[in-house]
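One chain, chain A, appears in both complexes that follow, with chain B as partner in the first and chain C in the second.
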Partner chain A sequence: MCTKWRLMTQIGNQTKPAAPAAKPRGFWDEAWLRFRRRKLAMTALGFVVFMAAIALFAPAIAGTKPVVCKYKGQIYFPALGYFNTHWENPVFAKDKFRRSYVKLKAKDPNSWAVWPLVYQDPYRRLGKDDVWPGQPENPTGDQGHPNRYNLFGTTQTGVDVFAQMVHGTTIALLVGFVSMGIAGLIGIVIGAAAGYFGGWVDMIVSRFIELVMCIPALVLILALIAILEKPTIWHMMAVLGCTGWTSIARLARGEFLKLRESEFVTAARALGATHARIMFRHVLPNSLAPLLVPITFGIAGAILTESALSFLGFGAPPPNPSWGTLLNAGRTNLNLWWLVFFPGTAIFITVLTYNLIGEGLQEVTDPRLRGSKH
Partner chain B sequence: MKISHPGLAALGLCFLVVVAWGPRGPKAGAADANAKQTDTKTQDPDTLIEPFTRPPLAELDAKAEWTDQSVLDGLELLRAKQAKEKPLATISEALKLTNTSPQNNAKILSALGRLPERTSDVNWDAPINRTLQMDVKSMNPILASSVAEFDVNGLTGFGLFGFDWTMRPFASKDAVVSWQTSKDRMADKIVLRNDLTWSDGHPITAHDVVFSFRTIMNPKVPVPAQRSGTDKLRWIEAYDDTTLVFFHKEALATNIWNINFSIIPKHIFEKSVQEDPTLAQSDVHVKYENDPICGGAYTIASRQRGQEIVLARRENWYMHKGKQVRDKPYFKTIRFRVLEDTNTSLLALKSGEVDESLLTAEQWTTQTKDAEYYQRNTKASGLEWVYFYFGWNVKTSFFSDVRVRRAMSYAFNHDEMLNKLFYGLYEPSNGMFHRTAWMAPKKPLPFYKQDLDKAEQLLEEAGWTDHDGDGTRDKMIGGRLVPFEFTVLCPIAADRIALCTLLKENLDQIGIVCNVRPLEFTVLQEKTQKHDFQAMFGGWGTGTDPDTSDNLFVTGELRNFCNYSNPDVDKLYEQGRKEFDRDKRAAIYGKIAELIYADQPYTFLYFRNSFYGFNKSLRGYNYSPRGPFNYSPGFTSFWKAVP
Partner chain C sequence: MLHYLARRILLGVVTLLLITFVVFGLVRNMPGTPLTVGLGDMDPSRKVNPEDIERMKKSYGLDKPWPEAYLTWMGSLARGDMGRSFSRKQPVSRLIAERIGPTLMLSVTSLLLTYLLSLPMGLYASVRTNHWDERSLSTGLYMLYSLPSFVAALFLQIVLVVHLGWLPLFGMTSDNYAELSTLGKIWDVFQHALMPIACETYAALAYYSRFVKSNLEEVVRQDYIRTARAKGVGPTRVMVHHALRNTLIPLVTLIGLTLPGLFSGAVILEQIFSWPGMGRLLFESIRERDYPTIMGLTLMFSILTLAGQLLADVLYSVVDPRVTYS
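Up next is the complex of A and B:
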């Protein structure tokens, strides 16, 4: 896009006599400084960090398993079972807890436990064996209005919406990062090769990119679900990643095509640097900024795709909580507004967030836009 | 009047409708296309019928010792039944009621289900807008396989037989003069009426019936549903235009269902079937697909694929040579709207665009109780013999042991399912026959209740304990420690997934890992037919005869997905088919139900009752164990009052 200009600044940075005390600021420092000044983008970034925190501490925020507990003289962390069932100590299965830790005191009077902030389960309805004395069972049908026990209400089957949304954050975040991580990796490597080597390599790779562009990711995911014995959310991320890299590759190709003619590449080549070194050590850092923008937008797109798939019932295998699945439950009865409003808002804000970050990145790294606001 | 329902009995006979799966809600799903392929051992490539020397009619009459069978009219039967019953409420009272209790439901059905007392009560020019949950693939009745196709063909097609709300079969008075069975039960003689015509004016004769039989038995014709049953017939002979004799291979109680199949016009298809045995591809067949020749009370007026099918009352069906020979159908036009999504059809019902719609348990409970709904509509429910189950593949290392299968039934929280997931609207099930059915065991079988202690005890007896102490049960099989982790397949539908998730949570409590895998309909079908699964969720509609369940439980049958095999059950099905006394048959099928209950190849879950919303202008709806439409009189008894 505007590599030349950036290149010039970079060269300029090196040659311009800097202020005596301060070290000259690099391109990324500069960009970060500008990014920090953009309130909207910074708020968005803060929100992503906040979501990451929610995802990480989900079992401590909402769950029915103690975060820490002392049972028969031993300290356990049953809440880890939400991440992986094998991390939940089998002693509880052996002692017939049957996944209901309300029995903890009855089984061992000397036990103590630190409970999650909200005692609700993202996978099942709290029935009579699961609730504390005085706590009502989760309502079902259209009775699950938000109340003090179910902050965001319950689904028709009586599963708490708040707990599902908290635990669903993990999927929403992972889908974006993992799929676009894969896409970024593939896209940059392939695009770099095409742009850097040019000629017949470029010719073949470009055709290959066009070929992949024709594969509809949704159809591929549907096919994959049919073939795989045990499809997981990871497979879906892999498919989204393996089909979503084309735009990144095209951009990378363009960047590399331009930069390979530049003086510093010639210089590096003259010094005897290998192709790989020139590509990834010298050219890539100079072309990364415009690539980050489609990656960020891609994250937003991946989240939407995941929600759409879950909405259609092809998403994360049940009972994995996902925002899209909740939306789908709400579709059948629009009177249950809480099934549409909360997950809908969450998806909207998250997608908006990534778009804001992407836009911010674009503006701080694109010199033509750089001066527009500041 | 009686509109014949060709094929419906055939559907019931061996092609239990796969109601359980399919992405389009509870009624969707088709009797599946490949399930019953007839044994193609026969050498003749053009027909599966073996050569037969027919006896002359006089000789047959002399030695057959014919006994008369019933030739009835569904509407007359219903009228006679209603004449004995006093309505529980007047029509205006019933229209004011909200259906919140079984008493109100009974009142609504009793008052609004009645037939018109005077012909002047009926709005003869009224149209009715009905819903179809999936589009009709073919208008050719012998190619029909889905519920939607039988819904439409039941009105446009010609058939000889019907059955009433108690599943009692009879020859239809609209088509048949007499029906006799030989003493050895090896032959059935039918005399057709001589005032029957196709919609193009050609007379319907015995030769059409023979031709249809031959077409169904032609292996080149892709008949999806009707060849099973029909293949039990030895021969059909048309002695003249109206006299037909059906010859059977064996004297079976189920023969009455075998002689009931769809009938197509010989003069239309005789030549073209030779050129194009698919009955769908050639120009001629495309022409008749779009504008079919009908033998029933209605013809196709227009059709937009994926959208709607409009039927029009056929004057030359009830009028013959200027004289009324049959009851005039109550509706002038019937518009079937294809509404695949249950939410959409409910909206259409609420806005008055359709007059009837199937309601889900959730819609019945939560979305059809306000004044806005009752402004235009009312609703009624009835028992339907459609049951749902978890099927355990008994050839897998997990479920080969009957104790494990029983443990599964004990582990599942039946109460939570019935009361919370289905709002207490469905009845529990403990076998394939409903407890009120004549073939159900005399001593009712107990329902399974959740009992985790018992489940754990059974699992431990079967050797499934946690040997390696990782919290999951396992067992040494072939020198390898196999963890108890399996996958349950289910269709992609919210309520089915919720059920399987409940199973998963229940099993998780006792150290078994169950993965829920929702699958698209065709994939699910393929996997289950290949027995390529460990556990599955499914459901079956009940056939008209208990023998129809044989292809689910007899060893090696095509729909015995779970590989269940019990020689006693096989023998009893064989016996039941050959027994003619209804009480003795009931005892045999009761015994079968008990054996299957003991073996638990299925964890029987619930009977899904049928719930419908009806426009307030509709009258005459009554329920049978096969829903409000598909029996005799069924839809034929629906009418609209003069406004």
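Up next is the complex of A and C:
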């Protein structure tokens, strides 16, 4: 289609060379142009990129494992062990490092290492034989006020809060995107089927959506988590995705119901396109914009739900530096204000960010709101 | 209309049956039973021996497969019996009756406050659009809207309770509640309720006042507003009498949708403030695997959700004569 069109303009250009056809901007180019003009939404988008950078470089920002080191003539990247324990070379376990890489120089005088910016561990307290030379041990109990070694203070067991929060960024990001990815997929497929086929399919699917919407969300989520017995953070994301698709499905149904009557669908059908092709190649791109808005708000909602569940003690089990888990630790001892203040502010800013992006998207893609502001 | 109502109610009953069936299956398949969770975890000496568990299982009907147990539950429900709580040794209906008061106290107060505050705030914001005071008000409300209630609750607890010592930390009454005079009792409960109500109200307030504002902005562009201005009606009267009235239509339907929330209570807030309400009951009953209580609460919330949706639709046709169901 596209090449044919271009061919025709070329022919047109040959006959009328004076008017070079300006490439028409597509819907998304147009929306992006308008989105870029919105300062708040762009700041929010920038913040998401910033969070992604923190998540990606978390082991280099705070950790106890060298980012790069040379040990016995070999180059290693032990910090990758924070992403996956198998990516940490077994040679260090064999040489009895016992997780403490400060011994590097003692084991091999010719070694060198590039260390993370902040020498603190998100999973354990830095004790006497573990700590960076010259740095005091991590305080425990009520003594862990924020100080120059523990920027955001320590928990009652002496684990550094800053390191936990930096490593928890990954969870906050992943929870939003993965769970809403799942929810979006389920919602769009179910809603599309209902709206496109109509009739008894629509009847059954709509009842099903209503059913899931009416089950108290907490009962559904907690029951599913309990059935999994040992939920990891990935299970949590799956559960949040499998329970959060209803509003997207309803919207998708409405969009497909509206668009299936349009002329381009009739045209595609006349050309012999299959149902699946019409649904996902022709209708879906035209209904994506209104669906993206609830998905963005859903990301904020998923982050909120995950931190709330961790806060209530239903999150992934302990070696899990989720912000909600930190809040839960702060709740049991309110004198440790830093356990509440830092993760609480982080959750707040993250939710605010996605809400701002969602609102920006809504205003640049919804033709009814276009031009009403700014 | 009657036909429409009958069809909706019939559909609602079918949905209810399905919901209770699904939830029953889910909770019965959660690992642990009300007999094993709780007792043995805390104290090994209190662990019930296997024969006793078998005997208790039989008496509670836990030995049957869950579809059969569901039918039994439905049967007694049809006779008006919601069953007895396992962990609290009380009829579920009495438990709910006990807990519903405190929850309504929070949610109704918060709803009234929300409506009372959001209308003038929304009105003010739409009149002063793009002035600095509107900007700061709207920004503030937007921030509040994004602030999770459990974070706000913890911040309030730290500042007002731990640092300033003005309010009690949690619970609904103080220890010496029974000795207080009537006025003292009211004051005591008021002090305890202040933080939970504030936390329940602020987010809704932000949402509602934005809602009022955006609706007002739409209404103000209508022809009849221009007509009213043209015939010399003053600006205050135009806003309050002509514009605000028409923004009430969507607000009325919102009432229907908030209905289940009024009774279900805010689970996390009730948990943080140890408020003896419905949300906390639900949370505890899930943790204790207290099947009859979970089912009773689920049934109640589902009925309220369905009734709220129906109410919203019916109210919509009442306040907006253009909408009819026939």
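Here is the rule we use: the second predicted complex is superposed on the first by the 335 of 374 C-alpha atoms of A that agree within 3 Å, B and C clash if a C-alpha of one lies under 4 Å from a C-alpha of the other, contacts with A are read in each partner's own complex, and residues count from 1 in each chain.
Operating definition for what follows: a contact is a pair of C-beta atoms (placed from the backbone, for glycine too) under 8 Å apart; a residue touches a chain by one contact, two chains touch by 3 or more.
Fair warning: this is a prediction, and the values are worked out from it, not measured in the lab.
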Exercise for the section: Please work out whether A:L222 is in contact with chain B alone, chain C alone, both, or neither, and reply first, second, both or neither. Expected result: both
Problem - Partner chain(s) touched by A:R124 [first = chain B, second = chain C, both, neither] - result: first
Exercise for the section: Identify the partner contact of A:T85: answer first if only chain B is touched, second if only chain C is, both if each is, neither if none is. Expected result: first
Practice task
Please indicate which partner A:G181 is in contact with in the superposed arrangement: first for chain B, second for chain C, both, or neither.
Solution key: neither
Practice task
Check whether A:P146 is in contact with chain B, with chain C, with both or with neither, and answer first, second, both or neither.
Solution key: neither
Practice task
Considering only touches as defined above, state whether A:N335 meets chain B (first), chain C (second), both or neither.
Solution key: both
Handout entry: Touching partner for A:P317 - first (chain B), second (chain C), both, neither
Key = first
Handout entry: Which superposed partner A:G158 touches (first chain B, second chain C, both, neither)
Key = first
Exercise for the section: Using the touch definition from the top, say if A:K230 reaches chain B (first), chain C (second), both or neither. Expected result: first
Completion exercise
On chain A, the footprints of chain B and chain C overlap at residues 222, 226, 229, 331, 335
Handout entry: Residues of chain A touching chain B in the complex
Key = 85-86, 88-90, 92-94, 96, 98-100, 123-125, 127, 140-142, 156-158, 222, 225-226, 229-231, 313-314, 317-319, 328-329, 331-333, 335
Exercise for the section: Write out the stretch or stretches of chain B touching chain A in their complex. Expected result: 23, 342-343, 362-363, 365-367, 413, 416, 420-421, 423, 452, 456, 466, 469-471, 487, 492-494, 497-498, 500-502, 504-505, 508-511, 513, 515-520, 523
Fill in the blank from the handout: Given the complex, residues on chain C that touch chain A span 11, 14-15, 18-19, 22-23, 26-27, 29-32, 142-143, 145-148, 150-151, 154-155, 157-158, 161-162, 169, 264, 267-268, 271-272, 282-283, 286, 294, 297-298, 301-302, 305-306
Practice task
Please give the residue numbers of chain A that touch chain C in the complex, ascending.
Solution key: 207, 210-211, 213-216, 218-220, 222-224, 226-227, 229, 300, 304, 307-308, 311-312, 327, 330-331, 334-335, 337, 340-341, 344-345, 347-348, 351-352, 355
